[in-house]
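In what follows, structures are represented as structure tokens.
Both complexes below contain chain A, partnered by chain B and then by chain C.
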Partner chain A sequence: MTSPEVSVAPAGVISMESALRVIRSLFAWAGFIAVYLFLYTPLVTIGIFAFNDSTVQALPWSGFTLQWFGAIGQNGLLFSALTFGLSVSLLVVAVASVVGTYFAVVVNSATGAAPRVLLAAVIIPAIVPGMVLGLSLAITFRLVGIPAGLWSIVIGHLAFTVPVVTLVVLTRLRRLDPSLTQASMDLGANGWRTFWHVTFPQLRTAILAAALLTLTLSFDEVVITFFLAGTQQTLPLFIWSQTRFGFTPEINAIVTIIGAVSIVLIVIATRVIEREVDPFAGTGRKRRSRRGR
Partner chain B sequence: MEEASLSPSRPGTPGREGDTPLEPPTVVRFDDVSKVYNGATTKAVDGVSLDIRAGEFFSILGPSGSGKTSCLRMIAGFEQPSSGRILLDGVDVQGIPPYRRDVNTVFQNYALFPHMSIEANVSYPLRMHRVAKHEIDERVSETLALVEMEELRKRFPHQLSGGQRQRAALARALVGRPKVLLLDEPLGALDLQLRQQMQLALKQLQRDVGITFVYVTHDQGEALSMSDRMAVMSTGHIEQVGTPREVYFHPNTPFVAGFIGKANLGRGTVVLESGATVGHWGGISFPMAADTPLGPCAFSLRHESVSLSDGAGDIAVRGTVEEVVFLGDSSEVMVAVDGVTLVAKAPAHIGFALSNGQAITVSFKASEVVRIDG
Partner chain C sequence: MASVAVTHEGRASFRRRLPLVPLAAWAALLVLAPNVLMLVYSLWRTREGVLYRVFTFDNYIAAVTNDVTLAILGRTVAIAVGAALLATAVAYPMAWFVVRRLSKHRLLAVLLVVVPLWISYLVRVYAWKIILGDNGIINSTLIELGLRDEPLSFMLYSKFAVFLTLTYVSIPFAFVASYAALERVPASLLEASADAGASPARAFRTVVWPLSRQGAAIGFALALLLCIGDYLTPAMVGGLEGTMFGSLIVNQFGLTNNWPLGAAMSIVLLLLTGALLALVARFTRTEGTLD
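Moving on, here comes the complex of A and B:
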């Protein structure tokens, strides 16, 4: 029997289903947007106040100004916290990149049970709570006689950034084709020259990504730094101590700068990491030649 | 022999007396080499003794897992023998790292350095050996010309086809003029047509440069067509070493007979009957050479040695067609004869004309039956 109702019924079911799907996806989007609003509104707010021509952190908007950015330089304590924090982070980046890469190479070339043990030994400081690490380092440094200051903070930061570099570089190392190192040795290069000419060039992007990550991790670290700092504060410590007396506009300005710089760094880092997953993504394959047979 | 004096600890090496002054010197020698990998229970390489001579194209043929790659990696120095010795040019290479061995490898996946141009890849071994700049340029150009890759020298590996990468890898391994070139299934990743072209090109190249090639493959066609001599391996040990002809027509073991080409294999005996040496294979009898050892043995007879007409050989027997398998350019006809099933290779149109159960006469030359121990 081929009555018209028979053919109508399935269509009705389909439209019901698709309506449900639309509603469900609306809810999903609404949730998504709510979460992002929640995350980004404070960031945007701080950014807005950094340009607001008023010492009071409240609406209404009283005009556009760049004076708070200029005020950063005038605020001696703020400026010295910024430069001190930067020197800490740059030292940390330099040392962590070298040491972390070295650890990754050692772990990667070890055989048997050694890699797992070595890796665990490297990583544990990164997963111990910052409070525990900071306190235990502070006590140890006092016993050993390392004064609180630049170097104590640098060592403290290395404890959790070296593992990060090790992991990022190790992931890359493990994806490398082992026959490339063998080919290099086969063609007359010893272990060191093989590393320099064959392994290291393929690790460069991973090391760069790890260095950027280390920079952001170290620059805004608070807990460990709190335990290890002497009289000179790093920027986040300084800002934190200032906020107890209320925000000042130049803090909005510097936080806005830092936010913008870290977004740029993170975008670069992820770009670099993605490129590393498939260095020849895109046009490379199409350019393959078929001639010369 | 001269290179014997180079080696500190060689008196009493077995097999040395076999060398005649006319033969080229041995460049690679396996002296009872075994390899057991860490954690493995069986030997990947099991008591291999082998002499590879200067300037020859030597193939190692065997099924997957037979230990071919392991042998090659021990020559290159990526693995150490668990027991036995490997001598390169008469010198025990135990403990000598890969970069100090005058041996280069063409890897199965080519292992071209992805971050270097073809030119930089090919000049790499020369740079590592600190060859003078102008000589590097000269030799790179010369070697790229040899493999017809000059126009592609600025490209990167990912911009090349499989065959081009293969040739680039070959150029890189050859440019340092090693004493021995090791090739591990270098044509495995190429399509059939390109593979056949490259077989010819490789053989030609080997003759031109005069370098000893040790070529690992599981493709018997490749081994038979390219080699001066070849070794057949199975489960870690060597079954037979010889020229392709010897291995093909005079297999030493049932494994070789079965692995190379297609052969009828079966058990039988050789007996002395009124002064003549006679082989019995099922109900088939045939004369054998007078010096053939007597007693039970295995027989091998190639498919193409069995003819479907009665005049082609000196032994003709009656049988019935059991099955015909069409192979495209030819067919395999299985004929039951007196308790033995003989497979004959026949032109396709002859195979089509036969039907199962049909009575037929097959013939073969008694001289083509090979007696095998075991």
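Moving on, here comes the complex of A and C:
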């Protein structure tokens, strides 16, 4: 740029600017990808070591094996923790779906300040740190005389999962068209019939999504469970005790399986929520009526 | 006659309120009662494992005057606020990147940030133990390559490990909240500000940030809630140096078996968390509305 001509200068500036823009964009992409690497490194690590033929959790790689997956079935404690944890979670899902939906419907249809205040109160256990909820419930159960075991854990999990179901279903309820309910009432259906035939079908996907969320929240819970469990451990409690005192590669194997199942569940749940697909509709009436329209 | 009308009306309103009874019962039994009982318990005392039902503030005094407890409380706040801030500082620009640069794969990008939340929390924390430990991936690689003779010992069982792990588990929460707010900033506003001659930096400062900082604040608050009351992370990767307040509370339940002190500490933690969240809410109100 020896020439002092005015027309040359802007061209130089523009190319500098575009070069800067390219560099900035490269940096942005690099940062963006770096975060994903950061997010997935731990998960991939666990997955890789589930197949590593060594009892030591360190590099170098000592060969591929499936023995840790086979060992899951032979580890009696692990297996009983798995089945106990599953039964806790299934009970929690069943009760939380019904109770949470009921609360959402009640809060949505009632007027005045009372339902809002009660809703705010019911949400508290989902927000406070797990150990605070766990300790407060442990104190209560001790004073009331509820023994530590299956039911104390189930009640503890219900305390923080019911509000989650309520909020998810309530969000859906508030988006529904009220004229459908009014039409149903005008046609002479009572409150229950209207709920069952008009409101509930529109809530089904929201309830399903909330149930899946509840399942993972409950199945994964450690701290509250720690306060409320008796001698029988749930799976996360078992993993917790194992990972603190030593290491068994079966843990990596079972965690990899659960991770894979969770991802399949989340994919189904997001598909259901995104597309409003009703997985129960199948080839039934609903599908046909949709095509007819 | 008038009284009959009143009772009729009263009965009708009672019937309307009847469906609320289970909700009220739930709130009373599972929220009010446990918290009141925890408060009562925090005012009792134990000595050598025996519970004395006498009212005393000793537990609170012990919780906030003990040097060790106070130091751990201060560390807990510092680590939790730091990790939540760093997570928000990483997640917010990332969410902005997703909103501005991606269109077809936007949902996939969001989903990929959220998926780790569905993998057990315990496992995600445990993974860092495998990565950071003396025999962990980083150290064994460094030694294998001859870059170091001994493992880097600061990485596991340290404040650093707790901070890193909490930042890691916080990023998805901070991301989701930031994304939800940024996605709603209309592109037309950005075009308008560019047409009016604002640089991208200025458009961000005067348009995007004021409309989305509440989302960033919600993300920060979620992350803070997660970090400040955590027990698993310090217990798994913190060692002695990384002990946090949550570990102290759990110890009162387990090892020390002093439930009243644990209850008092829980209430201190609740009050502190509430105060921090109130501060966050005060400084990040949205200017203007989007809808």
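The definition used in the following text is that the second predicted complex is superposed on the first by the 257 of 293 C-alpha atoms of A that agree within 3 Å, B and C clash if a C-alpha of one lies under 4 Å from a C-alpha of the other, contacts with A are read in each partner's own complex, and residues count from 1 in each chain.
Note that a contact is a pair of C-beta atoms (placed from the backbone, for glycine too) under 8 Å apart; a residue touches a chain by one contact, two chains touch by 3 or more.
As the structure is a computational prediction, the values presented were derived from the model and not from experiment.
One of chain B and chain C touches more residues of chain A, and that partner is C. Judged by the touch definition given at the top, the superposed model places A:218 against neither chain B nor chain C. By the touch criterion defined above, A:197 reaches chain B but does not reach chain C. By the document's definition of touching, neither partner reaches A:233: not chain B, not chain C.
In the superposition on chain A, contact is made by A:188 with chain B only, not with chain C. Contacts of A:89 after superposition: neither chain B nor chain C is touched.
Of the two partner chains placed by the overlay, neither chain B nor chain C lies in contact with A:108.
With the contact threshold set out at the top, not one residue of chain A is in contact with chain B in one structure and with chain C in the other. Of all residues in chain C, only 16-17, 19-20, 22-24, 26-27, 30-35, 37-38, 41, 90-91, 93-94, 97-98, 101, 107, 111-116, 118-124, 126-131, 133, 135-137, 140-141, 144, 168, 171-172, 225, 228-232, 235-236, 246, 249-250, 253, 259, 262-263, 266, 269-270, 273 touch chain A in the complex they form. Here chain B touches chain A in the complex through residues 76-78, 97-99, 103-105, 107, 109, 111-115, 124-125, 128-129, 148-149, 151-152, 155, 158-161, 163-164, 172-173, 176, 194, 197, going by the rule given at the top.
By the touch rule above, chain A contacts chain C in their complex via residues 28, 31-32, 35-36, 38-43, 45-46, 49, 56-60, 99, 102-103, 106-107, 109-110, 114-115, 118-119, 121-122, 124-125, 127-133, 135-140, 143, 155, 158-159, 162, 216, 220, 222-223, 226-227, 236, 239-240, 243-244, 251, 255, 258-259, 262-263, 265-266, 270, 274. Taken together, the chain A residues at the contact with chain B in this complex read 177, 179-180, 182-190, 193, 197-198, 201-202, 279-280, 284-285, 287-290, 292-293.
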